[in-house]
């Protein structure tokens, strides 16, 4: 797919490419029909799941909470795995978020869509081995390397899908922090990598001979599961995806009422604020996009804390704006966990995120959605400021 | 309330202080009855909200998502605002989370409860003013101070509840990052502080005389709204709460099967992992507790990204473990946003979090819940390792 | 002083504004004469200090180390305290550093000089008070505020020059981190603030009544003395100075063989590298400038670790480059420590950095020197890359 | 070497293992004689180097600066490369530093010495390649891997000693940050890796075929040369060394007047202060040790900014204190740069740091010296506090 603007030259698409609006029951019904028309996807009737359905997902259930589900789309992507137009389900109680994402989708659609590249997928666990002395920790290092195959076999004995890809060793003090990196296929895989790593650790503790007792913790927090961390920016965890789009100034002005320079200038100022504050990641609010999609798609919403560390940039390229969002950590899957629940599964099906490589496809859709929401907010912040500055100095 | 252990000496409470278990409809009904008995709170029947109800909270609604709501409790707190026993509603799809929090509640209950102190409540916005030269930015600094009262009046003209408490100035390059700190009373207040700060900025831009145009962005990201940041650890945002409890080794061993030294040692290792990875905050998974409570209580779940930066410690005090969790940023409220929805409101009522100072009370309950979940996970990680080490070296 | 370019239109100054070059004894003599001509400053003959002179500065002296002292200048500054042309002594063994700084001085001289603003001067110490419980720490907070005057009196009883400006309190767990901020006048003041803060702590520990023992450390590392820290970027320590200059593209191309866009683009890429790596501060190598000036001027070179966290930016303004360097932490003085030694004192005199407000003047000269070195290196990196790209694509 | 305490049971060594004290010429002469007696090393007479000697190290020399050189020792090390007793030359103007390091050496000597392990030695440069689009950057990734041997050959063509060990690729936006890691043998190697990496980049830019121009910067700052960075904690740069020692409580009390628990407690509080402030690294003042040794040994003192990020820990082991210092970045060498100067070379010879693997030996001596200085300061801070608390509560 070439990144060719698909607007009619006036910043408008030819067909109907945003959902019908409105808050009445009839409006909602029109949207359901519109979605079916666009995608052939028939939304299942809403019905509460039986308590027994939640076994393994929650305990001590007392009742239910009903959340509204919204729709935004089409989102056009030319990615490594996600290719075509997608209608994205959202679950949010943050006013304007659905509209803002819709606006971002529309802008990037007219600009020819979002390009996406899936860099890698690796989920890690990071045990720590604690020795009495530095010397023992030091001697442990070559031993571990020499027994990689056995350790790998122990880890993989616990899982039919997970593969151990790599094992890192970080000696510190009289300890060795390890990081086991796995391919978790279509699963998000947090439990899979815990069990596999624990089996690996048990094999190690049974086989490494040392004169004095040593111990381990199966998780040292070095992998940063559900925690925001600088390491994640550098090393990634889960899916690592980068998205970009290029939009002509004409469209930017029409749809967001801002110029290329406005946006470039804005991100400079926002990044300065982030840097002064020591924010991990450099983006406006990917946490909003992540939370809304994760809820709708059966992902673990607490992972937003870990996954929100993306870096966005905007640069001028000729008469266009070139925007990117690099997300090194998207810990999602299309099997396991809450993805089995009826509505969540239906939403994954709406995105055709089932089967082989579907977790990679899902990660690309999530990153592209976050990028679209970023540019929409950037436009909103800038246009406000631009209007004011104009009022004062343009008279 | 004195922090006196309330167990019978065998690590058991006299009455029934954990919810009945099970996954059947009947089990759920028994829990509803148990809760009513404990608290007098009658859970409302579940019924979907009309689409029009979500106006201001979501757009382009397409349908609904039904999530299970769980219960944990009692959580005993002796806090600045929260005092007594609380039954905490959770909304999670993370298996074992409800049980683990229940275990943490039970442990701290038997230990005499959790002590909480509410340090402060301040929500900020951080505009940036951008000048052409350093000299102009420098001259701006005293002018702003000299006009604090007018700026405050402009800000407060937009809100009936919000009060401007403080205004900070951070000069950098030819810019001045500002931070407006507000008391937002019972509201989380993110929109309130945006509107107030924008009014303040407009007043400034209309009144500061300079020979050349300057501009502003109402939000520079320096306040770190919905972003994880080092600044938040130091300065806080929203409610700043610290919780602690002290538990005798006897109870720890009985309920978590670990010793005081095990836990102290564990946190040392976990903090080392976090530090090596550059995690912002030092905790195991407060993001899990925050996400589960925020969903159930009508809070913005994307704020988990900002609020997850708490610091936990465990130290030995005589024969006891002294545990603390400092959470500098809990951006919650009891009015506004999704707190008006039926089930969310019912859950706030279950916690008696309505009326004056109820947002402070809510923040203390959240911090105490997170601390209880932390100790439970710490115990789980350690007891696994301890058992293994024992098997190998204790023969 | 207006920032008017002072070149002859061909990117050359009218007079001789860089030092004579060369490595022979005669070359060195010519530089000494040139300096005397420019400034009237007669360099003292080199002679070793007697061991007794170093009392208080070093112990167990075994001999001497002779380092070369270089000169760069004139550096033209229009600052809050530094005004005019300065000839800057350097002590470095890093090849090209002196030449590169000379080039930066020459560029900014022709561009009309560097503008400097002294934001503030505050040196801090940060004791921590450790209580048994959270409640005691919490109760300590209002007590400290209520006794500020007595605490201030205790602190200031130890010093004739230092003034306590502010006292901050950061409660965490069962502890309170405090930060005492002082005006240290012309001294760098690290020892001054230690003694004053220790006296303040002793007063507190003698007067705060609590039922159980508590303790303190006079330094918790929260002030970040001699450590690189994110906090320093936000809060500063020592002198906080910002410098800027504006140079027409014509001069940039003539002297550095780069364009405005080259430099702007370069800093974007460098900052990206820094952010990905989690560098504290965003600059190329202020550590080089700081080390060379600190050695020559009797400052503590270990402070480079703390002071190197400045942030540089480059932006296009019309046909010019606008460059800034914000240094929030320059912990220098003109009295005390090694400033009393003969050569170091002579070097301070060369800069007219003696007497009232001379430490502020010195801090501005240091920041301006660092900025000049930054732009020179940026030009070097970019021109290399530019030449290569041109060779490949410009054929 | 076994870590067996070598004291006489009263916390005293049998022989004379600290330098004679005093500030007179005669005292200095006695130290020179003592050193010759201990080591056979005859200090060369001090004489200024000719200006021409400094060619390549400094330009525009104007004169000289004379600094005092001190001695501390013996420092007993059982390391990977450093084995035996060392007498360490220092160059500092920080009062008490020499004495404090001497005290640390004495304590660890009596405790049986410091154990050291050299983890790795790798110096990196990190170019960035900038493409027009994400797609081009993505396509660059496998191409680079496929041409590793040619790139390695290009890099190594510029150096007779340097070897390219590894090449990392970090895609971000439409760019690829690379990191070339080299073995630099006995050289610190900053210039070596610049030239090698530039040659590698030129080969790449000449050989990678793409439809549109791309560019590179030979250094993106991602390697963090002379900048303090979180990445360095995780990945290291230069020599990575870990040191430890174990000291019985009896000796601690005798020499530092503190208990094991005092020290352990102290480091907890200091680390808390560092964490709250966002310090990179967790130590008290390794910058002080680094600056003093680097000056005396011909190393680049600006590197202190990069190398100061070590992490120290103290833990109780039975009746002893087990202390460690992990320094992931010590960018030193024994050939090249200022190591050729007369006094600096003499100091390297005093440490027997010449010839094969001498840079590794030097790095271990530096880390061990820093650890000894850390424990001495920790003792000083704690004993002050302990005395006060005792005065108040021990009556």
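Labels A, B, C and D are assigned to the chains in the order they are written; within every chain, residues are numbered from 1.
The definition used in the following text is that a contact is a pair of C-beta atoms (placed from the backbone, for glycine too) under 8 Å apart; a residue touches a chain by one contact, two chains touch by 3 or more.
It should be emphasised that the depicted structure is a prediction, and the values quoted were computed from it without experimental measurement.
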item: Between A-D and B-D, the pair joined by more C-beta contacts; value: A-D
item: Classification of the chain C:chain D interface as same or different, half of numbers criterion; value: same
item: Distance between chain centroids, defined by C-alpha means - chain C, chain D (Å); value: 23
item: Computed distance of Cα centres, chain D from chain A, in Å; value: 39
item: Touching two or more other chains - residue numbers and ranges from chain B; value: 170, 172-173, 230-231, 234, 272, 276-278, 311, 313
item: Chain C - residues contacting chain B, complex; value: 115, 117, 119, 132-135, 138, 170-174, 230-231, 234, 242-244, 246, 278, 311, 313, 317, 322, 324, 326
item: Touching residues (chain side chain B, partner chain A) in the complex; value: 19, 21, 23-25, 27-28, 31-32, 35, 43, 46-52, 54-72, 89-99, 102, 126, 128, 130, 170, 172-173, 175, 177, 198, 201-202, 205-206, 213-232, 266, 269-274, 276-281, 283-285, 287-288, 290-292, 295-296, 298, 300-306, 308-309, 337-338, 341, 343-344, 381-382, 384-386, 388-389, 392-393
item: Partner chain C, residues of chain A touching it in the complex; value: 230, 233-234, 268, 272, 275-278, 282, 311, 313, 315
